[in-house]
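Okay, so chain A shows up in both of these, paired with chain B first and chain C after.
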Partner chain A sequence: MNNKVKVIPCSGIGKVYGLMAREAALKTVLELCPEKAETICLARIVTGDKEVTDKIEGCDCITVDGCPQMCASKNVSIAGGRVIKEIKVLETVKEHKGKKFGSATQLEDSGEIVVSEIAGKIANIINQNN
Partner chain B sequence: MIENYAILPCNGLDKCAGVISREIGLKLCKNNHNEIICPVFARIADVKYHKITDQYPLLIIDGCATRCASKLALEKGFKVSKKITVTEEAKNNHLELTNTLKLGENENALMDIILNKLATPEEKAAPTSGQANVEYHFDYETFQNGKFLFRVPKNPEIYYNENDCWAYVIGNRARIGVTDFVQQNLSDILYFTPPDMDAEIEQFGEVGEIESSKMLIDLISPVSGKVVLINDTLIEKPELINKNPYELGWIAELELTDFESDKEFLIGFDKYFEIMKKKVEGLK
Partner chain C sequence: MSEFKVGILSCSGEECLGGTISRLATRKVLEELKLVETVTLCLPLYLAGGEEERNFAKVFPTISVDGCNKLCAKRSTEKYSGKINGSVDVSEIIGTENALNTKIVRNKDLTEAHFKMVDKVAGEIIKAISRIPPDSYSGKTFGGCGCKE
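Up next, the complex of A and B:
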């Protein structure tokens, strides 16, 4: 087991906010904090894959949810992860009222900006945590 | 072009095969009138997604051999029409996939191959009736007694009762059947009486009958649950139980109701194999 913070987005697919959650998580673990954070596939968590549930049990996790169902946060908690921060994409989106963020498959510039903001917030939490 | 599928990709995040599953799903939806299913949200959005899967044939796209999307479909009882596993397609096409999440030449080539394959009309399958199209793989140990060969699956997902019935458990569902000991002992099986669909079966309750020229036996269910699928083929061809009581001659599938409790009264391969050998030797 490593000490990396687990950044786990929802499996949101088919809507732009799900895409933004995923992209923000990937930007964090691949670009901003590759040494301190990693991501884990939520579908593997909910299907009870032992390899990944062992990885998150008792570990610091940051969840990123694209819709109010909060699938990532709920399921990570159920699987035993310690959710130190629930990121809600919609909270950041609200700060950019009236903008077009893109589609389920492609982000527009405003969408990319929101993703960068969310990833920045997550990176700050990770850096403060270490 | 392919159209009107309900598409359930695993939407995997930690391997490039999962990313490919997602990209294929999205491409199919972008270019056609397909509906995409969010794999995790599907667990709680019963009404929404059952409506879609009732309307369209379901295409499952798993990234890796963990087959999360298949497991989720099984858990929800979705009817499955077609399944693709990205890593298998890569292997079949001799394409090595990257260890990163960034899609390169091989990954894009594989996506094109899969999309082309799906675009071929004959590749689009009709929906099955009530069957969650899970793949059951059996890994056998054998025991020879005279001219009789007994095969017993040793997969850890398979549980046995001492009545020589097995249950292959995946998620909240189990496929059940009899072992080689039963079919060898009965000799030529002539009749199969299935359980009723939707019947609630208790653990060690009857889940059908099979009859040979030698005897009639009740099938004793290793697990409790609701009958959700019957191997109807056996009604016309009960001899399939003799031919292969695992892959071909399975009896039914049950939606499990209390497997954790049931498990306490079941045995695994090691114990059953020893019991069966003793039974075979006792027949001499």
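Up next, the complex of A and C:
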């Protein structure tokens, strides 16, 4: 087990907010905090395989969810991950009323801006935590 | 237009390119396939949702789309929901090395070559849908080409 914070998005496939969650998490782990953070496939967590629960159990996790179902947060908790922060995409989206963010397939420029904002928030939490 | 619906479940894995391709290929089929109506479900809803979500594969003939040979979407669906009617392993189509690429995962980093992979996988999903036996359609008779009166 390494000490990297696990950033786990829902990647919801039905709405743009799921894509925004996914892109924000990936921007964080690939661009902003690659030394301090990593992601784990949420689908692997859903399987309940021992290999993945061993990897996540007791680890600091930040979940990123695109809808009120909070799939990432719930599944990470079930797998034994320690959710230190639940990021809700809709909270940041509310600050950008009237904008078109794109679709569940492709983000528009406004969607990318929100993704960058969310990724920045996640990176701040990670940097404060380390 | 057919009244029949097929479920497509993507792993959408975040760790590697295969997950991104699985997600985009699934989206492409959902948006563009007109002959058969398609529906999807966020995989983690099996645990975060309720009985309705866990009944997905019982209600719809379902194709799983996985980015790598861990086959998380296929195994989760069979564990929590029901037997699937077909599966697509992206790594068998685009190659394991491509599928397990951990550097290029974000949509914005994809090139034309990656979008060709998406098209190829979408084609395989459609082939898997075409192989679903007619009696899998929730007790309804499949009208094939849709021209049946």
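Operating definition for what follows: the second predicted complex is superposed on the first by the 129 of 130 C-alpha atoms of A that agree within 3 Å, B and C clash if a C-alpha of one lies under 4 Å from a C-alpha of the other, contacts with A are read in each partner's own complex, and residues count from 1 in each chain.
We adopt the following convention: a contact is a pair of C-beta atoms (placed from the backbone, for glycine too) under 8 Å apart; a residue touches a chain by one contact, two chains touch by 3 or more.
Being a predicted model, the structure only gives us computed values, none of them experimental.
Three-chain overlay on chain A, with chain B and chain C in a clash.
After overlaying the two complexes on the shared chain, residue contacts for A:14 are found with chain B and with chain C alike. Counted by residues of chain A touched, the larger count belongs to C, out of chain B and chain C. Of the two partner chains placed by the overlay, only chain C lies in contact with A:78; chain B stays clear of it. In the overlay built on the shared chain, the residue A:42 is in contact with chain B and with chain C. When the shared chain is aligned, no partner comes close enough to touch A:111: not chain B, not chain C. Legend: residue contacts after superposition of the two complexes on their common chain; A:27 is shown touching chain C, with no touch to chain B. Contacts of A:69 after superposition on the shared chain: both chain B and chain C are touched. For the contact definition in use here, the residues of chain A common to its chain B contact set and its chain C contact set are 9-14, 18, 22, 25-26, 30, 39-44, 46-47, 69, 71-72, 75, 104-105.
Those residues of chain B that touch chain A in the complex are listed here as 9-15, 18, 22, 25-27, 29-30, 36-41, 43-44, 66, 68-69, 71-72, 75, 101, 171.
Contacts from chain A toward chain C in the complex involve residues 8-14, 18-19, 22-23, 25-27, 30, 39-48, 69-72, 74-75, 78, 104-107, 112. Across the interface of their complex, chain A is touched by residues 10-15, 19, 23-24, 26-28, 31, 40, 42-49, 70, 72-73, 75-76, 79, 103, 105-108 of chain C.
Residues of chain A that touch chain B in their complex: 9-14, 18, 22, 25-26, 30, 39-44, 46-47, 49, 52, 67, 69, 71-72, 75, 104-105.
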